[in-house]
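Take a look at these structures.
Next come two complexes built around subunit A: one with subunit B, the other with subunit C.
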Partner chain A sequence: MSAARTPGARQHLPLLYPVGMLTVFFVVPFAIMLAVSFFQRVQGGFYEPVATLANYERFFSLFFANVLGFSLGLSALAAAICVGLGFPFTYFLTRLARRRQVAWLVFLLSVLSLSEVIVGFAWSTLLSRSAGVSNLLVALGLLGEAESWSPGFAALLLGMCYLAFPYTVLLLYPTLARLDRELVEAATTLGASPLRAFVTVVLGVARNAILSGLILAFVFTLGIYLLPQLLGRPEHWTLSVMITDQAVFQSNLPFGAAMAIFLMLVSLALIALTLLLGRGRDRSAA
Partner chain B sequence: MSQLELRSLVKRFGATAAVDEVSLSVPEGEFVCLLGPSGCGKTTLLRLVAGLEEPDSGSLLLDGTDITGLPAHRRGFGMVFQSLALFPHMTVAQNIAYALSIRGASKADQRRRVEELLRLVQLPDLAGRQLGQLSGGQRQRVAIARALAVDPRLFLLDEPMSALDAKLREALQLELRLLQRRLGVTTLLVTHDQLEAMTMADRIVVMDGGRVQQVGSPLEIYRRPASVFVADFIGASNLLEGRARGEGRIELPGGTITVPDAPASGAVTLCVRPESLRLVAADKGAENGGAAGDGLSGEVVFVRDVGQTVETHVDCAGQRVIAVAVPDSVSDGGAPFAQGAAVRVEVPAAGCRVFPA
Partner chain C sequence: MSGRRGQALGVRLFMGAIGLVLAAPLVVIAGVSVNASRTLYFPPQGFSLTWYGEILRDAGWSGALANSLSVALLSASLAVSIALPLTWFLWRWRVRWAGLLYTLGVAPFVLPPVISALGFLAFWATLGLYGDYLTVVFSHAIFFVTLPVVTLSIGFQSIDRQLVEAATVAGATPAQVLRSVVLPLLRPYIVCGFAFAFVLSLNEYIVAYMVAGFTVETLPIKIFNALRYGYTPVMAAIAVAFVAVALLVFGAIGRFGDLPRLLGALGADEEKSP
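On to the complex of A and B.
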């Protein structure tokens, strides 16, 4: 019996590697953060391991509620824009010749190689009064005089969408590329106008990809913490900015950790809600 | 349940004409098969009728009304695609009810019609199933039911059976034919399988190179092919190269035969079905005497005896001739000829078609 068990155990040996890496680099740091969020801050120092809920209590204020609300709203809006633009974009992309598709995908992937810092500074320059695109519009006679569009809410939203858009497209691409064109034709022969066929068949088949795209863009933009400082005003600072501020500049690690945990719980709850709604519609339709 | 007429339809893709001046008239309630090798334009022709492609020239008439410019979703045709194109995110019932829901039918009406259609295609009680839970044959029937949901004016099928195994395909062909007869719906089916076409069609349209090669009933096309291409494509044929010698006499390797309507001179191709040929032992043919002059002599090189039929390959002076017979009539004694036997192939003039080569 032991002879039979040994090779089985050995077969599972390679699994130890990912499990070990995950433990060392994810579970342990996360556990530390979770623990720290319940510790007490030492003014001018680090923290001491005294169990307290003070960090979470401090969070329940109108100020942080507003910041949280703004962060979630901004990310939701950015996710909606990314999928709203990304879906038709990807749909038409998959209808192009193979070579053109590859060119577009390579371009999108190369955008991913730009860091948040570079993208932030590039957009703040492009949207500035002295060197921005408004000068071009003035030259074309479309605008009276050069304007500054950054910092501002629109600039921040634009920057976030710019970062999340390639991910959204790459996530939608496989589903839409595999979509059988005969499905749309079948809908047409059954009496659906082209628009109706698109809504009932293409959107229907791609529903899961759309949901994943929304969640991905939402979670991704929620973690962006440099752009609000580069492209937004202080009132546009998101919870991620606050967490960085507390952890790095105020050296209040316990409060930063508490906010991070809370943000994570809220976004998990929202994702669960989204999935539940998605599945609920599926079941009622069946 | 309508009469369809195609007038000189042309559809080009780049420089090649996929459909080249096709004219065809399909009477009400008829089952027509478009038959041809892949790339012959049969699917493009069907897509033109469905409105999924626009013709470069020519026109389409349905009951005398020009529908050439009518978009596909206003034609009211039912179509079954080669891939079936069932909507993967919908249940069986939702798939079948799709056309009804587009037309705004009430939920109760939809449910009633779905049940009716599922009974029609012999799949009761499957309405709530997901597509993944169905077998290939069941999916096939769902696709047929979906296309028939709103009593289509025209029923179009594009190689609908190509994904099924042979036994299931045969059963469904028969079933589909009976269903079509019961509903009386004018039907166009595309296939490359000549047996499928012969099983189901009232009329077969043989296509090649974007053009119609022959239109006729299955038997007409089988017995009187209009060209060497049709003779070769439909069923098995012996295509024998020879020379016309006048007065209907044709000189072939291994002998000369007489076919009344043969051309007076020049190179010809003689088409004759394997089952039209009769084999007799060489010495017996000579004894009878009368048979001499309208047969070919040769040597048996291969015998495929599958019980139901016996296929005998005869080498007649370098040209291979295949004869098929039911066992008892293969030879005088009832037993197949042995390999190497000298035989005489009797070629009856009635079974022959002669084309200038």
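On to the complex of A and C.
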């Protein structure tokens, strides 16, 4: 009953502080970044407010087009791996007893909270010659002598999946946890093999969650900035690395901002797509 | 029967393999952090806790630790203070632009961090505050406000409205209802939102680096800077400490709170119907 009432002007007062903070420290910074992306860079200084499209034009050069293509491809690959492994994993996770589920969730949250720096450092250690897995393989007689597997493309891909995997699982978790078990049981009773029941029933019901998972993992890995420097070679540097490089080391904030705006448009378009699909799902469920 | 048993074994192997990959880097850094010598070597040669002591002895590392802890405490508090009135309003009143308000609270964390970070950089540079300690606190508070917004929204949804109405009928003023009914029920969700923001702020690199990387050294920034000049076992010790803090905080939430529910395993509607 109380929620149905419409508030008067005075009732809006508690909003003043949170909305004010978010406007000043989030909306305004965004507006500034958008404006700066159209400004001209001043050598040795910051920028001057002259309207120009040069920052965006420069972005469409061959070099940056290659970087963009590599970033998008890498993120798409990482997203596919994360969801491909994360989906069955989350499904089995939700089938576990509650205590073990909680233990897994605590572990996943701890991995999720780890800094990119620490993950990059840990993986570069694990893949190094002196302290890595290759020593183990040598000890087992599977490998002639210890090798270094980092930096390299595979190391970078592995690190990105490591960062995005816990997020993917936690995004899939609610849908799969609420999934009606009886549906699967009904399918098996009707003669479907467990695998077939899983593929037709579970994958069918969770189609939208899978899509959201793919998009989340894609957008998330697109923003990863340190790993390409720690686990990759310079040719593996992604758009996020370029943005920071331009903004901080080349002191070219306008160009960095233009790339960030472009990256944001790609992300927003994908998020909007998820929301649209989610709305479609709600309607079909009602 | 044996087919089903084989399947269960397959599931265990699959989950175990993923657990192994997730844990492997943590095991290796734990190993190298107790190396007796300064070199990066695994399995560890000898056993020594020197590098853990070094965190506190070395002025550079302990300073970074103090920076990280204070930034995380202040920014998590600030984030909760922003999220609380916002989510309370969305729960208490029905307004047409509720979706917009919620999106405003969720957006900072949904976008790729590098974008938010650059926005913060442009903002603080325009104000002339670039590099100030408080810029990190405020930027982290806004960046992580999403976490308490989400946990508090779940918390408000779980409050039985009949309790609130009973209190109102019994003559309690709205302020009394808030203090004696709503806030006590909400406390676990406030703690969770704070904990999430705190742990993630401790580990955050890119925003802190962009707004004040050259003046305020937090632990992740210090580790990255140190990595450029080569390896020191202190960074492994710090990494282990970070994992321990995360396990401790989330373990406590899992032990005393309802983690599956917080992560969305049950909808608010399912919870209420017996």
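Rule of thumb we're sticking to: the second predicted complex is superposed on the first by the 256 of 286 C-alpha atoms of A that agree within 3 Å, B and C clash if a C-alpha of one lies under 4 Å from a C-alpha of the other, contacts with A are read in each partner's own complex, and residues count from 1 in each chain.
As a convention for this text, contacts are C-beta pairs under 8 Å (C-beta built on N, C-alpha and C of every residue); 3 or more make two chains touch, one makes a residue touch a chain.
Source: prediction; values computed, not measured.
Asks: Taking subunit A as the common reference, can subunit B and subunit C both be placed on it without clashing, or not? Answer clash or fit.
Replies: Fit: subunit B and subunit C sit side by side once superposed on subunit A.
Asks: Based on the superposed arrangement, let me know which partner A:151 touches: subunit B (first), subunit C (second), both, or neither?
Replies: Neither partner.
Asks: Taking the superposition on A as described, I'd like to know which of subunit B and subunit C A:244 touches: first, second, both or neither.
Replies: In the superposed model, A:244 contacts subunit C only, not subunit B.
Asks: When the two structures are overlaid on chain A, which partner does A:191 contact: first (subunit B), second (subunit C), both, or neither?
Replies: A:191 sits against subunit B, while subunit C stays out of touch.
Asks: Put down the vertex angle at subunit A formed with subunit B and subunit C, C-alpha centres only, nearest 10°.
Replies: In the superposed arrangement it comes to 80 degrees.
Asks: I'd like to know which partner A:228 touches here: subunit B for first, subunit C for second, both or neither.
Replies: A:228: touches no partner chain.
Asks: After the superposition on A, what does A:213 contact: first (subunit B), second (subunit C), both or neither?
Replies: After superposition on chain A, A:213 lies in contact with neither partner.
Asks: Answer with first, second, both or neither: which of subunit B and subunit C does A:180 touch in the superposed model?
Replies: first
Asks: Of the partners subunit B and subunit C, which touch A:118 in the superposed model: first, second, both, neither?
Replies: In the superposition, A:118 contacts subunit C only.
Asks: Quick one: subunit B or subunit C, who's touching more of subunit A?
Replies: For subunit A, the partner with the higher number of touched residues is C.
Asks: Could you state the shortest Cα distance, in Å, between subunit B and subunit C after the structures are superposed?
Replies: Superposed on chain A, the two chains' closest C-alpha atoms are separated by 8 Å.
Asks: Report, in rising order, the residues of subunit A that make contact with subunit B in one complex and with subunit C in the other.
Replies: 194
Asks: Would you tell me which residues of subunit C are touching subunit A in their complex?
Replies: 7, 11, 14-15, 18-19, 21-26, 28-29, 31-32, 39-42, 81-86, 88-89, 91-95, 101, 104-105, 107-108, 110-123, 125-126, 138-139, 141-142, 145, 161, 164-165, 168, 199-200, 202-206, 209-210, 213, 220, 223-224, 227, 235-236, 239, 242-243, 246-247, 250-251, 253-254, 259-260, 263-267, 270
Asks: Please name which positions on subunit B make contact with subunit A in the complex.
Replies: Its residues touching subunit A are 50-52, 71-79, 81-83, 85-91, 94, 98-99, 102-103, 128, 146-147, 149-150, 156.
Asks: Under the touch definition given earlier, write down the residues of subunit A that touch subunit C in their complex.
Replies: Touch residues, subunit A against subunit C: 1-7, 11-12, 14-15, 17-19, 21-22, 25-30, 32-33, 36, 46, 85, 88-89, 92-94, 98, 101-103, 105-111, 113-119, 121-123, 125-126, 128, 130-133, 135, 162, 165-166, 170, 173-174, 177-178, 194, 219-220, 222-223, 225-226, 230, 240, 243-244, 247-248, 253, 256-257, 260, 263-264, 267-268, 271.
Asks: Please give the residue numbers of subunit A that touch subunit B in the complex, ascending.
Replies: 180, 182-183, 185-194, 196-197, 200-201, 204-205, 207, 285-286
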